[in-house]
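For reference, the structures are reproduced in the following blocks.
Paired with chain B in one complex and with chain C in the other, chain A is shared by the two complexes that follow.
Entry: the complex of A and B
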């Protein structure tokens, strides 16, 4: 058994873990110590001095983020001495700060603002004109804008580039109050995880160029969901207002992700692309949102001519609806899953080699329901293929019903599909964690696969189809599919 | 949890229930004010707005139709920080931010106030960190001018063009104004380096 030191924080006794810092121990026990440079997923720098605490028998205040606990330590996190120290540290940090809050995108989620209100509340002794000027608005890379005047030199951004992406683009240039964050000559800040820097920068120095000036953060509402940019299936926070998604942030968790890749953050843009479908197209003719037309298109086709493809882009529920429709309403035996790419983390951080979010999910379904796997088919008519690549591989020359977010050149009925911000469903990531997407924004000009199957089943005169997602869940558990999920 | 609070309503006494004496008493109060106002008009607490005005405390001063102050070069002082739209209890300010070429970086691409919803509370003026929005035009929304439809279609939907219309005093207060002032100065000197 490892050694577990007993320490006292603010008069209460806690059992710390070995080699834990005071800050971590306090945090675990619900005591918040203000910090700038400390980040749980980065190395400890101890340069901002915001986390100073008083320790009995130590003449000077110590930084809680870098002091390891020791047996019998008696720590005070809110004594008068500590409060005074915080106030002074803040005054130093704000000494040359431009106080741009009205034009700063960080306002509302800024550690400077928060701590100033909590611990500072002191008028600046340096007038605006005397402040040291550093560069403003500088675009570094495609997604980031750096305002050096607002930087407090916590070096979180530098450490992120060194330790996480290992690309080391950033460094601290110059000395004293003229130091600033700079980028190495002839590099650009375009690593695939660059937008995490905007998240971890505790102030408005690094802000996102994509989100820039589009919303004030306090208007945003958050829903928790998952990113379906690849088979890793990171947990995310979707931030939206007035039925529009504005940005995606990571929702750190032990199992998969602390960070989020830039590609995943930009997936919401497809929803607002100019090519977004909002009507049904059948052989280049537009039909509004009338599913009866789709029925007319498919009703004459003989069951043995139809091939149905489950899709790694669709949720478990949608795939089950599709399977059930094919086997019980169409009564076809040709139900396939496409061949799926190998799944592994490519770059050692997050990005998976499999671009589909639910490959593992449909493999499980295929095993349980004994579906055929990737056979070349001679059927003339394909049903429901939601990924363009898969459609092109398996149904290039056939007619069919295709689901798509954006305009597509496939030959058949193209049905506008709900994006995963607009539809709820379960996806199984490469580690077999089953996670649900949530409806963040409402779209009435698109369908989920389940919506369409339900309507078609009615038109085919079937009365045994699922009537709600609950029924599908029952089907899933009665076939033991969910036993495979983590 | 909703808390329930029991309030005892006082029962009317016999005089109040008879009703007539209370009416006479009420008329007495009215008459007393009639005569005191007649003999001493300066004691009347109400004023004949809009002919007469009293200045309100704080930055509001008065509450008539809004305007947005302009800088020396005619650009709006507003930087689209949305604080006015945030505080507005009627949710009638609609702003969209855009990016500028100059130092200040941000400006309102769209700035509309739906005056038919505005409750004239003046909170937007109090909230503005830039001293940009102000209600000192001495025009009352819905007044004669609006009926002449000189303010767009129905006069009560004020857009940027109308709000930015009037040039008056040049204001140099406000958080982002250091940048604006530096920008204007450099423009005067002719050495822009933004």
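Entry: the complex of A and C
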């Protein structure tokens, strides 16, 4: 058994974990110690000096982020001495800061602002011409803009590039109050995780070129969801306002992700692409949102000539709707799952070798419902129903009903589909964690796969189709599909 | 009583004729733990400035670990300090012999001398001394058939004052940017290239052979109280005889000043004394005349023995200008890692410059003192304190001169 030191923080006794720091122990017990350079997923730098705390029998204040707890330690996190130190450190941090909050995109989520309100509130003793000037607005990569004047040199960004992506693009150039974050010559800050730097930057030094100036952060609403960029299925925060998504941030969790890749963050852009589909297209003709036209298109085809491919791009619920439509309405046995890529973390961080978000999910469905795999070579079908991406492989020459976010020149009925920022659905990641997307924004010019199947079932005269998502959930659990989920 | 500069030996033959390299022979007949005990008994304290007990420092090195290192800190960069340079010039082999003994005591097979980049001549002297010592089998594999091997490399700094801080020095040897490391872990546990490391000043190491030959007791008998032995003082300023002096600790400043330095030059009057390098608080002439030159007496006078870099300040020197020059130095040399030092050193320099140019405001004096106070004890290394202490002591003790600048003309610097 490991040794669990007993320590006192602000007069209350706590059982700490072995080798834990004061900051970690305090945080676990709901005591917040302000910090800039400390980040739970990076190495300890101890340079910002914001987390100084008083420890009995130690003459100097100690950094809570780096001091390991010891038996009998008596820590004070808000004594007068500590409060004064925080105020002083903040004053030093702001000494050369431009205080350009009105034009700074970090405003509202800036730790300088927050801590100033909590611990600073001191009138400035520095006039503008005393400040050290540094470079402003420097584009360091496709997604990042660096304003060195706002930088507090906490080195989170430098450590991120060294320790997480191991690409080491950044370093601190020069010394003293002329230090600044610089990029190594002949490189650009374009590693696949670069936007995490904008997240971890506690001030307005690194801001996202994609997000900056598009929305003040205090207007943003947040919904928790999952990223569908690959089979890793990271948890995310979707931030939106007035029915528009503005940015995606990681929602750190122990199972999958601390960070989020740039690709995943940009997945929301497909919703706003110029090619976004908002009407049904059949053989290059536009038909508004009239699903009857889709029915007309397929009603003559013999059921045994129709094949339904479950899709790793679609949610469990939508796939079950597809399956049920095929087996109970069309009464076809041609229900398949496509061949799916191998799933593993490719880069040691987050990126999965499988680009689909629900491969594991449809494998589980196929396994439980005894579906066949990959029939593209053995049979030809007159009509294929699936998501557009899968149809591109399996229905190159056949017509079909294809669900898509964007326009396509495929031969068939292309049905505008709600993205999973606009629709709810369960996805099973490569570790078998089943997680749901959340509706962040509303789109009335697109359908969910379930909506389409439901309407078509009615048009086919069937009265045994699912009437709501609840029915699908019942189907999932009565077939034991959800038993495989974590 | 002189130990370090008693007999000057520019080359190895002279050093041996003067009794050199006898101590290593004696050391090899002792157990490493016995050597450490002997050094503990001697009461030798680090001569680089902090005054940490040397034997105690050595005893922190875990005996069972491998890849241990001995590093000699010769990055003598504190303004006013030039004693190690003198020692390397006049007695380089005493340093090497001390290093061999220390390495044997802690079980290190590799040693580094990190020497200030500007000391080009001294680096060559050390290279030559190492070459000579190797030829006589005092360095290298199986030294004097003792079974102990030890090699020394000379590494030259690139000009940063901060690399004299021991962990920044280690970073610099490793080829990284010279920035102090967060402690713990201390270098005795995780030091150079991750191995247990002892870092000692030149003067400290050069004292070791004498202690081994004559015994720790004999050394502790020299000096006064807890301040044992002799100490090098590098004296600059308008005294009759500036230079490097070796004196017994506990010598009254007055005696030293009058008898050895010969007092002030004609027409000069003593105003203030910085006893231990630019970063220690300043003493007024009156205060200085009461102190003895040892750790305890200087501490009770509110200052420190430091490195022994003694700066004599004459009456005609404007203290505002002197302090500004210091602040400019520490501002320039701050590594920029910790917030209070990075921002505070520049801030103070700016304020002092303003005062010096006659553009100061009334509140600047208090602000400067308060900023200095706010910097103290809040950083990884003592560089912030090294500026803060002089700022507070200069303004407190010579406030009148700062007020001259605030009110108009300074009669001293005519600015």
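Convention: the second predicted complex is superposed on the first by the 473 of 486 C-alpha atoms of A that agree within 3 Å, B and C clash if a C-alpha of one lies under 4 Å from a C-alpha of the other, contacts with A are read in each partner's own complex, and residues count from 1 in each chain.
Everything below uses one rule, namely that a residue touches a chain if its C-beta (ideal position, glycine included) is under 8 Å from a C-beta of that chain, and two chains touch if they have at least 3 such contacts.
Just so we're clear, the structure is a prediction, and the values are computed from it rather than from any experiment.
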Does the chain A-based superposition show chain B and chain C clashing or fitting? fit
Figure out whether A:348 sits in contact with chain B (first) or chain C (second), or with both, or with neither. neither
Identify which of chain B and chain C touches the larger number of residues of chain A. C
Tell me which partner A:101 touches in the superposition: chain B (first), chain C (second), both or neither. first
In the overlay, answer first, second, both or neither for which of chain B and chain C A:175 touches. second
Just chain B (first), just chain C (second), both, or neither: which does A:132 touch? second
Just to be sure I read the superposition right, which of the two partners does A:30 touch: chain B = first, chain C = second, or both, or neither? neither
Between chain B and chain C, what opening angle does the Cα centre of chain A see in the overlaid model, nearest 10 degrees? 90
Does the superposition put A:49 against chain B (first), chain C (second), both, or neither? second
Looking at A:461 after the superposition, I want to know if it touches chain B, chain C, both of them or none. Which is it: first, second, both, neither? neither
Identify the partner contact of A:152: answer first if only chain B is touched, second if only chain C is, both if each is, neither if none is. second
If you take every C-alpha pair with one atom in chain B and one in chain C, what is the shortest distance in Å after superposing? 20
For chain A, give the residues common to its interface with chain B and its interface with chain C. none
Residue numbers of chain A touching chain B in their complex, please. 98-103, 107, 128-129, 136-137, 212-214, 216, 218-219
Residues of chain A defined as touching chain C within the complex: 44-50, 52, 59-61, 63, 66, 68, 85, 88-89, 91-93, 95-96, 125-126, 130, 132, 152-153, 172, 174-179
Give every residue of chain B touching chain A within the complex, in rising order. 79-83, 86, 97-99, 103-106, 129-130, 174-176, 178-179
Touching chain A in the complex: which residues of chain C? 160, 177, 182, 184, 331-340, 342-347, 350, 363, 367, 374-375, 377-380
